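Next come two complexes, and both contain chain A; in the first it sits with chain B, in the second with chain C.
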Partner chain A sequence: MKDKRLKYKGLRMRRYLNVYKECIKVAFASASTYRLNFILNCTIMLLGDIIFPLITVLIYGSGAGFEGWSVYEVLLIQSIFTMSTAIADMTFHGVMWVTMDMVRNGNMEMVLILPIDTMFILMARTFSFEGIGLFIGGLTVFVVAIINVSVPSILMWIQFIAYFIIGVLVMMGIALVMAAISFKWVGNSRIPEIFSNIRNFGKYPQSIFPKAIVVITSIIIPVAMIAFYPAAALLGRGNSSMFIMIIPCFLFLLFGIYLYRHMVRLYQGVGG
Partner chain B sequence: MGNIITVEKLTKKYSTYKRGSGFKESLKALFIRKKVPVIAVNEVSFNVKEGDIIGILGPNGAGKSTTIKMLTGTLYPTSGSIEVMGYNPTKNRKAYVHQIGAVFGQKSQLIWDIPPVDSFRMNKAIYGISDKDYDERLKQMTKLFMVEDFITRPTRVLSLGERMKCEFIMAMLHHPKVVFLDEPTIGLDVIAKHNIRDFIHEMNKLGTTFILTTHDLEDVEQLAKNVIIINKGAKVFDDSIQKLRKVLGAKKIVELTLQEDLGTLDIPGTSILERESAFNITVSVDLDQISINEFMTKLSQQCSFSDISIKEMPMETIITHIYQSRDK
Partner chain C sequence: MKNNMGAIKKKLNILWAVAVVTYKEWSAYRTHSMVSILVGPIYFIVQYFIWTAAYGGKTQLNGMDLTQMITYFGASTLIGYLTMDFADWNLQMLIRTGRFLTFALRPIHHRFFAFSQKVGHRVLGLVFEFIPCYIIFTLLFKVSLVPTHIGWTILSVMLAFLMNFYIHYILGMTAFWFTQSTGIRRVFDLLSGVFSGVFIPLVFFPQALQKILFFLPFPYMSYVPVMVFTGDFALAGIQMDIPVIVGIQGLAVCITILISEVVYRASMRRFNGVGA
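And then the complex of A and B:
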């Protein structure tokens, strides 16, 4: 019985991987069909997000800055944020846009008739290569920043990778909550703005925020895990409470998944 | 054959907001919105036998699409029960939809920028179809539809008729036992409609059960063995196509643009339904009394006309006939 269940799970996993592979092929085919659009989008995304670390350089260049944080330490946080955003844009941010669009136009049925998890297929189908430029940009700033701070130990790197992955999952949670809201708040163009503003709290050192904001960004909507905690781990500025902060991150992701699935159930469609 | 679908007292209610037109009403709606309850489907019950083709007819807004969406498991009913092949569509959705296919005439499963054959491959992965089954099935259906030439062209360059054929292939690659079609011939020309109907017939011969919604009586006449008519959310007719013909009579609606004022129409089995002007008239022709061929011959003897269009009976007239036959 147990063997049978394991075999079924294995087959299911293989099927989901095959679907993801097909989706990546489709994303590549779409990107190659509209080459100019692809190059332009990559460039615009890169310029739009990379300008932020440049502003940080300018702020520090004029003598101002975030107290207790060197320019390279802040750049490290922001480059991690950029890389995390790039991965999210490539792999799952599309779920928010496509859900908003499908709910508004009543096309959700076309996904619901498929024998696959709705959330998974929407994420897979919106896989996009356009975030690759942004990722390379973020990685470049990351390399420059890491060269100019003290060399992290292997343990710090391991901690960084773990936090970075959890941070990406927090991003997924936020995208799912926003996508879920679009079922109720149909066609509201402010949803992506709210989404972006919430995430932006993750771009800065937490020490600059009042305590109430720190509690919100660490526990309620744990955006601090997107960039601040991974950077703190690399810089050796972490503490034991950071380990506990993993819990609200997973809870937030689970809440996002639950809310999204619940809202799919409430989907009403539009007139035929 | 046994029932493959059993629907009992299926009801779907939802709330919407009522708003008047114009700036003043829009401004008012910013602050006060009147909630209006809507009963889209009201206690509809029916059965479908295995291997059947059922036509669900009804005017726009009758509740046909809502019914089919509930049958496909994409909408949750407010009350009532549905059983399809032993499945409850609202429970265990993924296992259920693996057994069915669906084509929504106004929506597409195909991916716009890539050729249909790549979209088919996507469904192959989603349904976990083996290479052997996929190749066999694709070959069979591309041959039936004669689409070998264009399944490798990007979807966006295909005509509506070509796209619709590909939608059917997409929905049936995994060999579903039951296929739901929501307005499958909407917007298609005569030839494309004919091809789609032929395909449905062929697949039905191989054992697939079809449930189609339409407001085109011709679809039902050419395809369905049994008909369900829904009006304002309620079932008003559920019987064979022969019974429907008996209720309605075999009538066609002929719209004529005349070159001269006709006065009275003196052809047996016909009556003038509407006289828009002296030169534009709508005539009802009872095919049990006179064939279209005979009607045309007699009409050309009585008057000269510059345009003629032969149509099916409008849905509203069908519903009126059904209500009248019930009262009798």
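And then the complex of A and C:
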């Protein structure tokens, strides 16, 4: 009985992987069809990535700065944030836009009747290569920043990778919460703006914010884990309490998954 | 003369009708606008702490003190609500889906129709975004948001409104050539975000770049009205009187209108449609 269940799970997993592979192929074909648009989108993401840290450089260039943080340390935080966003854009950010669109147009049923998990298929279908430009840009700034700060130890790198992955999971939680809200606030394309602004708190050293905001960005909506904590680990500024911050991140992701699934269950459509 | 007056009256009637319909249409999505009550203040809080930390013990950065900087971002957010535009998105969608044909056959210029839509949409923005955020900024954050020259500020905001519309309409028309023009629009959105002074005042850029910016449309979309609001305009080390910079902004708008007309005529020569 147990063997059968395991076999079934294995087959299911393989089927899901095959579906994901097909979706990647479709995304590639789509990018090839609208080549100019694809190249421009990649370029814009790359440029956007260069311009955003440029603002930090301009602030430091004017003689100002964040106390206790060098320009390269701030750039490190922002480059990690960019890489995390790029991964999210490529893999799961589309779930929010497609859910919003389908709920508004009333064709969510077309997905609900498919013999596959709704959340998974929407994420797979919205896989996009356009985030590559953003990732390359983020990685470039990351390399420049890391060269100009003290060399991290292997333990710091391990901590960084762990926090970075958890930060991406927080991004996923945010995307799912946004998608879930779009079931209620139908057609509200400004939902991402709220979360984008909240995420902005994660792009800067947390020491510049008051404690009340740090509590929010570390525990309630843990955007600080997207870039600040991974960067702090890499810079050797981490401490044992940072490990505890992993818990609210996982809870936030679980909340996002639960909320999205709950809203899908509540969804009522006609026709299809 | 009588004919001209009649034509203007007819145009105003059309503008009113389309604006009212757009207002009512978007009023159905009230939360869409009311989200701004959260978006604006959250953005402002981030900027507030960033700049408070950045100033540290310094009194001035590039000629601006902290209070001016906070006012700058408050005014920038508020003016953004009044001038925001997505005519490019609408137009490229109409072109891509072939629905532009139905507009091409109507006895009304699509650009005027789109402009009327924008008027209705931004009046909604004024009610549901600008006024609530103005109250929040003033009462909660204690930011003084009273323009130094109210008349010039209104005129400059109106010119920025036109500038945003015509520039975005030109961008939308690129879809006649590329069909899918989201990439171009995103390039422009990014450039305008940076070079219109939304992210950082333009005086923080290198002097040479500031000089070039005078000849680009970006500063006239946000930086100029915001600086007119604060009552003190400076760019590339040049201090200008408010009427002078508003005059330059008006000239920039006129040039943009001409470019828009040229591109529109070229677009119409290229446009092909079947059915309808």
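We take it that the second predicted complex is superposed on the first by the 268 of 272 C-alpha atoms of A that agree within 3 Å, B and C clash if a C-alpha of one lies under 4 Å from a C-alpha of the other, contacts with A are read in each partner's own complex, and residues count from 1 in each chain.
Criterion: a residue touches a chain if its C-beta (ideal position, glycine included) is under 8 Å from a C-beta of that chain, and two chains touch if they have at least 3 such contacts.
On a predicted model such as this, the values are computed, not experimentally measured, just so you know.
Peer 1: Between chain B and chain C, positioned on chain A by superposition, is the outcome a clash or a fit?
Peer 2: In the superposition, chain B and chain C stay clear of each other.
Peer 1: Give one of first, second, both or neither to describe whether A:208 is in contact with chain B, with chain C, with both, or with none.
Peer 2: Touch status of A:208: second partner only.
Peer 1: For A:58, is the partner it touches chain B (first), chain C (second), both, or none of the two (neither)?
Peer 2: It touches chain C, and chain B stays clear.
Peer 1: Mind checking the angle chain B, chain A, chain C on Cα centres after superposing, to the nearest 10 degrees?
Peer 2: 80
Peer 1: I want to verify the contact counts: of chain B and chain C, which reaches more residues of chain A?
Peer 2: Counted on chain A, the partner with more touching residues turns out to be C.
Peer 1: Mind working out whether A:18 is in touch with chain B, chain C, both or neither, as first, second, both or neither?
Peer 2: First partner only, chain B.
Peer 1: First (chain B), second (chain C), both or neither: which does A:200 touch?
Peer 2: second
Peer 1: In the overlay, answer first, second, both or neither for which of chain B and chain C A:152 touches.
Peer 2: Neither partner.
Peer 1: Figure out whether A:189 sits in contact with chain B (first) or chain C (second), or with both, or with neither.
Peer 2: So A:189 only meets chain C here.
Peer 1: Please work out whether A:36 is in contact with chain B alone, chain C alone, both, or neither, and reply first, second, both or neither.
Peer 2: Second partner only.
Peer 1: With the superposition applied, I'd like the minimum CA-CA separation between chain B and chain C in Å.
Peer 2: Nearest C-alpha atoms of the two chains are 5 Å apart.
Peer 1: Can you list the residues of chain A that meet both chain B and chain C?
Peer 2: In chain A, residues 34 are touched by chain B and also by chain C.
Peer 1: Quick check: in the complex, which residue numbers of chain A touch chain C?
Peer 2: Touch list, chain A to chain C: 34, 36-41, 43-44, 47-48, 51, 54-55, 58-59, 61-67, 185-191, 193-194, 197-198, 200-201, 204, 208-210, 213.
Peer 1: Note which residues of chain B are touching chain A in the complex, please.
Peer 2: Contact set of chain B toward chain A: 14, 61, 64-66, 69, 72-76, 93-95, 97-98, 100, 102, 104, 106-109, 111, 113-114, 118, 121-123, 125-128, 154, 182-183, 213.
Peer 1: Show which residues of chain A lie in contact with chain B when the two form their complex.
Peer 2: These residues of chain A touch chain B: 11, 15, 18-19, 21-23, 25-26, 29-30, 33-34, 106-110, 112-117, 121, 265-269, 271-272.
Peer 1: Considering the complex alone, what residue numbers of chain C touch chain A?
Peer 2: So the residues of chain C touching chain A come out as 29, 31-32, 35-36, 38-39, 42-43, 45-46, 49-50, 52-56, 58, 61-62, 178-184, 186-187, 190, 194, 199-200, 204-205.
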